[in-house]
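Both of the next two complexes hold chain A, though its partner changes from chain B to chain C.
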Partner chain A sequence: MTMTANRAPARTEPASPIKRTNPIRFVILAALLALLLIVIAPLLIIAINAVKSPADYAGGGPLSLPPHLYWDGIVDFWNRVNFGQKLWNSFITSLVVAVLGVALSILNAYALGIGKVKGRIWFLVFFLVANLLPQEVLVYPLYFLSKEVHLYDSLIAIVIIFTVIQAAFGTYLLTSVYQEFPAELLDAADVDGAGKWRTLWSVVVPVSRPTLGVLFTFFFIWTWNEFFLPLVFLVSNDNQTVPVALGVLQGDRLMDATMTSASGLIGILPAMIFFLVFQRTLTRGITAGAIK
Partner chain B sequence: MIRSRTGLVAGALLMAASLALTACGGGSGGDETEGADAKTLTLWHYEGPTSAMGIAWNKAIEEFKAAHPGVEVKFEEKGFEQIQQNAQMILNSDSAPDIMEYNKGNATAGLLSKQGLLTDLTDEASKRGWDKALNSSLQTTTKYDDDGIMGSGKTYGIPNYAEYVEVYYNKDLFKKYNLQVPTTLDEFTAVMDKFVQNKVTPLAVGGAEYPAQQILYSLALSQADRAWVDDYQLYKNKVDFKGPQLKYGADTFKQWVDKGYINKNSAGIKAEDMGVSFTQGKFPIMISGSWWYGRFSGEIKNFEWGTFLFPGNKLHPGSSGNLWVVPEKSKAKALAYDFIDITMKPEIQALLGNNGGVPVAADASAITDAKNKELIENFNKISSEDGLAFYPDWPAPGYYDVLVAGTQGLINGSKTPDQMLDEIAKPYDENLADLGK
Partner chain C sequence: MRRKGYWVFLIPGVLASVLVIVVPLVMTVYTSFTKWNGVGEQRWIGFDNYTRLFEDSLFWSSFGNIVLLILAMAVVPTLLGLFLAAVLFDYVAKKFGDRWASFFRSGFYLPQIIPVAVTGILWGWILHPEYGALNRILDTVGLGSLAHNWLGEPGSALYSVMGIMIWVQLGYPIVMFMAGLQRVDPELYEAADLDGASWWQRFRKITVYLIRPEFYVVLVTTTISALKIFGPIFVLTGGGPSNATLVPSYFAYKNFFEKAQVGYGSAISTVLTVLIILLSIVFLRLQNRSVNR
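Here is the complex of A and B:
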């Protein structure tokens, strides 16, 4: 009903001159622009200060425009922390976590959502509770465990930890999606003689691909942005990830505002690029549920 | 999308643990030549490469390499936050470095020494003469007793540099209003009155962080002697928060706010913003630490500036800088001692001084840079009077936030000096009770 109601007027008055000059549209446009400005203001300030020399910052403050572009902050920071290596560390851990996290979520959710394992409500409650635990609580147990298995100061520890953390959330979300999975499809697969394994890979996974894409993208970005556990677990500089490397600039009493901005800028760029690339996956995944 | 963290991890690792090997055992010995034949020295610090310490220590690493051919130095620059958060965990693991920079104080170096994670340097310090290079107030922060309380006991760390609170002033603005550098507290207030008459707020203050409490402490120190500092910092005797020192500090601080020396809105200003407002020339005076010095030398281009010690005071907030410590798990202790020894050499100390740092054992004549000479002469003056009085937030854990809240109350007028003193006395006394004193 609502859909036809919306569509009808759009078709009747596409070129109405009254609509075009309607002042309300300009007000809305202005309001949207103002909102946009508020949203991107912090990013703009970071960008401005990233290309400002420390002396200009000292003389003009954080809001002044740089009189000339100054790239040394970015270059110095890149070399100082060997940023290429950190990018690689972050990329590889985020990617592995995203892939393994999605795979683990699929297996769990298949059992809980479609397989209707006994006591699945309690499993879900468990995953939900696990999701609500703050990381700070986990630090000491994880520290001792990883030391026991000689994974302290290793990227593998981070991969294992975050695969489990992300999969806990993924299982919770994906299970509720699979509970709504069309029974006709499953029955058809059954009639065609597909086993449980075949049904999962040939029917369930392809149909839920948009949702899995969303999970993958979120897992990647969340793992990329993780700070606290990587800070604790990645001791050697060679193992550190991007957010941990940014922490190098945080001094005891002083901060280097221009270099911090420079590092912030190159720190968020990869995540933003990744987001732009996978943006369509996200929108498709979010609307995927609505179609059915 | 905001999401909370989960806890399944422990389970996963438990499974992993069941697959894995048993933990390796390890004993620790402790004689002086231990690790002399090590082939690597892993060294961590968290000073920027262009800071005075960064420059001097880089040079020290070079000298160390020259003196120890065949030893590889693995230097890693760390973040302050990472060391602060994790030192205990790192030093308890096989990833511990052989030597590292660490924060001085009861809650940091004191705590680690109490847990047996740091090597006792007492013998090395006397054998190599480090103890003679450091005056007694600098040594306070290197020694920790069995409870991890500083001031007595064994030596666990060696500082290369010092820091102290002084007064930075904008020479151009002083000249504009025809003002001289004050030498007494009365002259200082007269200078600030003159600025207020000309509608200039004299003091740049960051009330949301450490600067405000250091001003209040400086004022209290103007009425104090070394015995009071020992009482307050080292718990020698009970401190009366309504006694002449702190009472004077709080009352005078309040007066400074009322007279307009300190802006009412500075309660929400951070230290960084305070520094930038001074470098922009918005305020003629800033009372803060020597850690700004190198930065101001490099960045203030629009006006002439200088420093003087808090007028009339013999005691000043300040202390040794951070310490070199040798973790108990260090595999190259003898090499670590050699490295510390190099950092105490006159040429490294002079390099520190010439780059805007305050060396602990420098010959003032070796400091060639005129600007830095001022910094070091001021320090030598304090040092000769044994005038380092540490920082007001040291005596109790979490006391920093108590003092920030207290001074903010004074600045925005929500608390009277008496209320503020009662408020800050409580956690102090509770800490004393916890320590059984």
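Here is the complex of A and C:
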């Protein structure tokens, strides 16, 4: 803490002579650290109990540090729910949705933002409303229709549905970006005799790659975390995604305290990995929707 | 240069949206005027589902619960997040360095990235009446009399869910507001300093005023996600105990898939949808007016 205090002047304003001695700043820092501890405490408690043996848990309770690391809870849980399969299901669904969702958003936004097709305001309103709709209002017909075409309990149905839902948001965001697309670049492509497809793939897509990266990240994480529709659609064990598998195990009588926290920990880990991998795009992206 | 003939690019997107969104939406609205168990014949009954809905005390209590959840998911996180974002941006970043500010921001954002099913496991475990960590902590510090079946008693279940949802939501406004503050000209703050403005005055007159666009976006999106809430209720309480935490989307889900009252479930989701769209229109209006002023 003292080390970082020395680094402070980098961005401080010139005036304000009291800053060097003011003890309030450490009170504020301590208060923030306390609040942060409260926020991450649940994660820490889950982590220490996930690697604790049931015997140590019975002896020391939930707050004691494990005397030795115990991996059996995690391994048992992994094998019991065939967790590798759930990870693969979640991964492949999220990846395909992210790729197709970005592609569909590009096509829509190209027509609306750059092509400025007639009635584009109404298309935009449509995509905005589609994005706001609660999934409850779509779920039963989708369930019914997917049974009719034999796509019920299949990852394909989930991929199709989420591609469209995510692309509704993507279209809305990307259109506002493409509206500002530099006209000189498009004109230059026209002069070079590039057709609409060539212009799209060799000019528009490369230039907007940062935004597309943000969309990809969002779609991937959102699809990974989706719960409601996968819960309804993916009923058989082999098709479940990670959130569904963990959600339906809640309240299972066979789960003891340590195994439950083991399941929580291995549910958190993939999300943490994505967070670390995507952190920079993510913070950029969360704000991308805000400022039009 | 005029650009023509781009409508071709809309074909796949529009076809897919009609299939996945328009057709199901129309079907649900139609179904809400029928009596149907999902397999047999669908019988037109006019507004019967809606009159039944408005006389159903469960429906009203589910909306009452939503009001409290809007408080926990939209109002409290937005206000608390606004304050914390200002402290981090305008105090911590300046006195301790940017690194501390982004460290805190990432920490507070952490609950947002956890899948909802895992949030359920996490808190279900911490609040568990027998082996839960919270009751053990209370015991240890001598407050054992406060120990509780937090999610299992009608008196405390909804408040427990509210607390959990504040925990989940807090990071989102902080990240949004801190990003919005990047737009603020630092000279404004310096000028305010020279004029002898206190931190609180600067917070009210500069910070709050300048990030109104983000403020509205956060308020709208969090309110809408409160109206749609399903996952946390499903994994934490299942709407119970004795419907104390019932919400409209879970109420609809139960009618669809547990009671096979598809018509009634459709009426619930139609009302919810209308409410969400109306609310979005009102909020967007307010937002435009305040931004253009």
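Here are a few things to note about the model shown:
Operating definition for what follows: the second predicted complex is superposed on the first by the 218 of 292 C-alpha atoms of A that agree within 3 Å, B and C clash if a C-alpha of one lies under 4 Å from a C-alpha of the other, contacts with A are read in each partner's own complex, and residues count from 1 in each chain.
Convention: contacts are C-beta pairs under 8 Å (C-beta built on N, C-alpha and C of every residue); 3 or more make two chains touch, one makes a residue touch a chain.
What you see is a predicted model, and the numbers here were worked out from it, not measured in a lab.
Contact with chain B, but none with chain C, is seen for A:F218 once the two complexes are overlaid on the shared chain.
By the document's definition of touching, of the two partners only chain C reaches A:Y110; chain B does not. Shared-chain residue A:E148: touches chain B; no touch with chain C. Counting the residues of chain A that each partner touches, chain B and chain C differ, and the larger count belongs to C. After overlaying the two complexes on the shared chain, residue contacts for A:L185 are found with neither chain B nor chain C. Contacts of A:V164 after superposition: both chain B and chain C are touched.
Once the two complexes are laid over each other on the shared chain, residue contacts for A:F123 go to chain C alone; chain B is not touched. In the superposition on chain A, A:P134 makes contact with both chain B and chain C. After overlaying the two complexes on the shared chain, residue contacts for A:V277 are found with neither chain B nor chain C. Once chain A of one complex is fitted onto chain A of the other, the partner contacts of A:P54 are limited to chain B, with no touch recorded for chain C. Residue overlap on chain A between the chain B contacts of one complex and the chain C contacts of the other covers 61-62, 127, 129-130, 132-135, 137-138, 141-143, 145, 160-161, 163-165, 167-168, 231-232, 244, 247, 250-251, 257. Put simply, chain C touches chain A in their complex at residues 1, 3-10, 12-14, 16-17, 19-21, 23-25, 27-28, 31, 38, 84, 87-88, 91-100, 104-108, 110-111, 113-118, 120-126, 128, 131-133, 136-137, 140, 167, 170, 172, 175-176, 179-180, 183, 189-190, 193-194, 213-214, 217, 224, 227-228, 230-231, 234-235, 248-249, 252-253, 256-257, 262, 265-266, 268-270, 272-273, 276-277, 280.
Chain B meets chain A in the complex at residues 1, 3-14, 16-17, 19-21, 23, 46-49, 76-82, 85-86, 89-90, 93-95, 103, 210, 271-272, 275-277, 279-280, 289, 291-292, 295, 298-302, 322. Residues 4-5, 7-8, 10-13, 15-16, 19, 25, 28-29, 32, 35-36, 39-40, 42-43, 45-46, 49, 61-63, 104, 107-108, 110-112, 114-118, 123, 126-127, 129-130, 132-145, 160-161, 163-165, 167-168, 171, 183, 186-187, 190, 196, 200, 221, 224-225, 227-228, 231-232, 242-244, 246-247, 250-251, 257, 260-261, 263-264, 267-268, 271-272, 274-275, 279, 283, 286-287, 289-291 of chain A touch chain C in their complex. Residue ranges of chain A in contact with chain B, taken from their complex: 54-55, 57-62, 80-81, 127, 129-135, 137-138, 141-143, 145-153, 160-161, 163-165, 167-169, 218, 222, 231-232, 235-237, 244, 247-257.
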